[in-house]
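Both complexes shown next keep chain A, but they swap its partner, so chain B is in the first and chain C is in the second.
Let's look at the complex of A and B:
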């Protein structure tokens, strides 16, 4: 547990006894069918406080804040804002009461530019838009934040991290009195996260902003929060000041006394032969701009190569090219010295699997059942077919039940549609599918995005296990700690090229930081 | 157990909502009739008699339902891929035209061979017609709905051009047509029913395609691609090929309908081929929620409504277009009712939980 050890409190200590209640939730309950997602949850947010909401995957955190925002109707319970009962049924109502929220799933319009998206979010939307003025206003706003966002880019072309920043900007632009953030830092680097959280914390002190933040990162809780609430399986377990809690205590509140997987030993396996060879690979982004620029890399069996970098430097396109979602423009990909074009047959033959970012969008069929989604790789393989050409629904279901159990996917109904799962459980499901069959080559992007700490260490353990079993793993991540923990070799990607490469023992952190910034 | 209840709720909803849409459109049509000074109940009764009241009207209905089943597949199959194709009319015309031309070319062979060649040619022609839409969609990013609609116009114009020009039979005076394929080469009736073999083709196509799209690995792959293109690519599915095959299958069904119209009814290709079966097929597919099996009963109902047009005209002096107005109303109601899916299930679940 010592890896979770937190930092020190920053700023002055928050004293709740003097400030009024900004938001109070009383007896909130919500069911999805037979599944109770929230059961009688009551808690208070003090004005000007920085309040963290913790809980494992599927604990009901997102559901709770969505009910508060009127995005979903609650079955029972009331919401008081400034001691007055409020009926909030739409984003407009929420805005009127001074509430703003950054959702866990992105809400940007993909075909519109960042500028248009930001202006569109203004309520009420002006009848006439003075684009020049809006742009200037936004540029000054952006200058106050630690973000660099290209306003002219289409939202659909942004990487996950950039989208998250735009979502945050959108809320800063609206200037709510109470800001709710659902896992805003999952796709940010720790530096970026510190930048934005520091700025928000600043505002709680100077502007009286109240922040309710959902996060899985104890470091952030320990450094920034004044108060915490912990949910477990829909029930509120604890709500009170942070002072006096250690990460270990919080962890125990979150999961009870479940055991946590430890990352397995890194066995000193012989480095295998070259598994994946990328030769001068170039790929365009959706706009046709060069995103991956003549990139070359060799990946051996039994090693994890970590690719660090600020999001938006071509990592997304690289992963897409390797996973078959994007046709490379130039250069080649070879596996075991044979050219690889990411066809289904080759994927099965080379046992090459992929865990992309935003799994619900990139690797799942939202309206299909869990069983169907778990069978995307295997449905046409022997053992899952009948008379060669026919689907064996029973085999699919049995396989699904086994994986659901093994990877603790919740709720455990194979027939449920995957879009109704919590963010972390979708991630677990994709992991279960991609890691359960023996993989020889794994392309992984931000695998722990949105996972609670127990699940995150489970994933890391699995990746390490795959490596120890001889698999070649390409790990693209924005979490430097994760990369340092798992990789055998680290490379830094900047503007579509790898500009730094070093074995883990020889890595110089300062240099990586500089390289990520392009120096 | 719970999964079973949910599945039952979904099935119930899939049945209830289209039926309500149908009833609502009948109500609307009834009001329209009342405004025209007709007694709606009498008209509905006449429609029932015209569609299902006697052996004769049943035959009439079945002969109209057969092409509807096939053209509905032209929309329902690409819909599994998430494509909205409305090119059934064009594929039907293309199929019918090519079938008539084939009949002329091999007119001297044995009748069974001529028939087989005609139907096969119709299948290929219709299939290629819609496969072109699929190709444009996948490889060139052209909107498939617009493309298939425009392809309809092209097919109909091509038909008119050929039957009034190069392929015109000099004997056909007031209705320009291609030369007849000859009585010996016509598709006959099914023994004992008095309905031509097209019905059998329609029924078996619906069943076969249902099995293919809902029970085989190919169908599973198509539905993955239809549900999320990115996910399909990440598991290596050949999406381009799936698109072409699926569009070909849909077009082939509609093309076959055209071939059957020529071989069983008209005996030649002329402008009456474009009688609106393709457009009504879109309606059937939507009412059947794009499910090939559900297409069968829906095609029967629509076929019955179409079949009653003549009787309506004779007994109530309602114009031919009245039936088309009803069809239009049904279509609007069906599209409108799409917004209600999922609500019933949610209601049901919260009741159970409470």
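Let's look at the complex of A and C:
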């Protein structure tokens, strides 16, 4: 791999050698306490190029772009835009210099509607807002994009995929010269991702837009990028053209010579008895609209059922109903033929675990330590208490250390607050908690959202292992490839109902695509 | 006399009059608090603003002879306290609730300190508009004797509501109050926006104080406010952070407070103290009726330190 690293900063130009430098970063460093997140990172973005920034979870990608955008101050280093040194201290400065960014953690205002959020991002924001006019303007603008977003909904009520689309729309309307995207497609379906990335790529050619995109999906890198930079543990390992690199080479640059887990074989052939039975389940969304509409599904032990669908078709509410975060209006959930109301006691008894989307928000206490978060399921169980009523901090810590080690959570300090972890590491931590105890029923939503490829295959391996050990797994995902790889059965969810169901052997991809669009 | 002429009809009338009269301080303080909380800070110190405002208004009105100058002085005093709150809270790891409680004591303390000489003299009062001049009944006339400040407050509520949803600054306040991340990504100066919102809130609360000393009860003494400032802060929660609801809540609260005296005027004297507790009982009942364990409070600004 070091042969490639030698190419660092020789500055090959993407397709034409006289393209000017749009943005240059020189010697950027940033520490968080004792942890160096970035160490002397330098690289260039060529104008009109589509540049991919790669790196494992916690490599410092988000930190790098946040420093460039002035969202966080860097400790050292300079940023040049069009060969001129710029001091960027806030998003306004960045905007003035033609920079725009879609953040990894959503930055919508939860209590405002999509319309209000979109108007907010318009610069300058009009002193007085004529809502009717703004709505019309935005509706026509949205019509030109591949997205369909309900403008009247509050941002806090949107599913992750919908939020991601709103974030993207915000930037599209601002029309920056340099657009930075931090994992913009993590919860979009491949079709949606292609729609948006294709559109951006076209703009790099026609409008001279420069794109810097952080992604964990090699498919996107290989299809769209002109150039790549690779970060590993805060250091720049490679920066140069994409041409000549294969995914395997990039993977090696990202993680060195760590071994990658392989998804195990599907072993048990025969299905177990019905583990989870959902009978005519209906649930409302936060606005009171019907989100899950008399949905029925049987899930057997030893199988993975994949639920495909475009984000916002009730998947979020379904998962919430199963994980006890939402009361169903009608219908029931049974586990082992016994009614199940998703109380803590029942979860422990049926060994039902859950990984919701946006885990930092939905499955963690952000200001609690890693150890505390890891112990949320077990802190009151024998082995983790002292004299039954008191928490055994030492046992918690040991347990945490073990999981941190096993799931390679970085940085490995059990006392650190979870909100300071990188996106992928939060995901790993929740997975560690939910998968490590023996689970009989797993409800999983977008489990590889934000994971680097090494971690993603580790997770998939674990899911397959759980299945092989007899667990029933409900996998809700927007990633069709993941579903095809893991599921024994696939169902498509549209407007709160399952409108297609087929065993994996009989799946027709075209039909799934059509069903997802509601045809 | 007229009293007997109206009979039991006097009760709703007296409640209406009471609602209008007693609600003004609640209204101003809760609108101020609503704005402050929308920006993501809680200022529990508005009781201090109220008392300091009352004192400043009375003193300036007495010295200058103009009650309107007094109102301005009250607003300015409230604004200064708000500024102090904003400044202290702009430091990292300072808790806004604790600062608010400290400032409540501080505001009342300096009001009593500087207010000693003004307990005796009589200052010119704020004018009222007689909406009841057409009526022959003294009760109707007194109920419809409406203070100008109330009319102003009546205008501020819809204005604030409009401001929060239709102007750039309004959206900025709500953004800063709901998500620091979003504000950062949009480049809004979080601390400055909060400071301005807290100062404006402080101004309004100060003006509420002017009403106490310059109209009803209409004198300055140390027992002037009976916790209206604190109750008004609670009203904001009850009003789900909506200015128009703050108005209704203030009226309701003022009206409930007038229940005891109104019943007394028609001769129901039993349970006088019980009826005086009506506002508090009412608050509890309404809170129970409007809050649901199923849903989170809608409209609650995400950055408030109680929600984190």
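Note that the second predicted complex is superposed on the first by the 503 of 519 C-alpha atoms of A that agree within 3 Å, B and C clash if a C-alpha of one lies under 4 Å from a C-alpha of the other, contacts with A are read in each partner's own complex, and residues count from 1 in each chain.
Here, a contact is a pair of C-beta atoms (placed from the backbone, for glycine too) under 8 Å apart; a residue touches a chain by one contact, two chains touch by 3 or more.
Keep in mind that what you see is a predicted model, and the values were worked out from it rather than measured.
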Chain A as common anchor, with chain B and chain C clashing or fitting: clash
Touching partner for A:395 - first (chain B), second (chain C), both, neither: neither
Which superposed partner A:111 touches (first chain B, second chain C, both, neither): second
Touching partner for A:127 - first (chain B), second (chain C), both, neither: second
Comparison of chain B and chain C by chain A residues contacted: B
Touching partner for A:323 - first (chain B), second (chain C), both, neither: first
Contacts of A:274 with chain B and chain C, given as first, second, both or neither: neither
Contacts of A:356 with chain B and chain C, given as first, second, both or neither: first
Touching partner for A:71 - first (chain B), second (chain C), both, neither: second
First, second, both or neither for A:334, with chain B first and chain C second: neither
Superposition clash, chain C against chain B - the stretch among 44-52, 62-70 or 98-106 that is involved: 98-106
On chain A, positions contacted by chain B and by chain C: 367
In the complex with chain A, residue positions of chain C that touch it: 165-168, 171-172, 174-175, 178-179, 181-182, 184-187, 189, 294-295, 298-302, 308
For the chain B and chain A complex, residues of the former touching the latter: 2-3, 6-7, 215-221, 223-224, 227-228, 230-231, 233-238, 349-350, 352-353
For the chain A and chain B complex, residues of the former touching the latter: 31-34, 75, 323-325, 342-348, 354, 356, 361-368, 372, 375-377, 379-380, 385, 389-391, 413-416
Chain A to chain C touching residues, read off their complex: 71, 90-95, 101, 103, 105, 107-112, 116, 119-121, 124-129, 131, 286, 327, 367
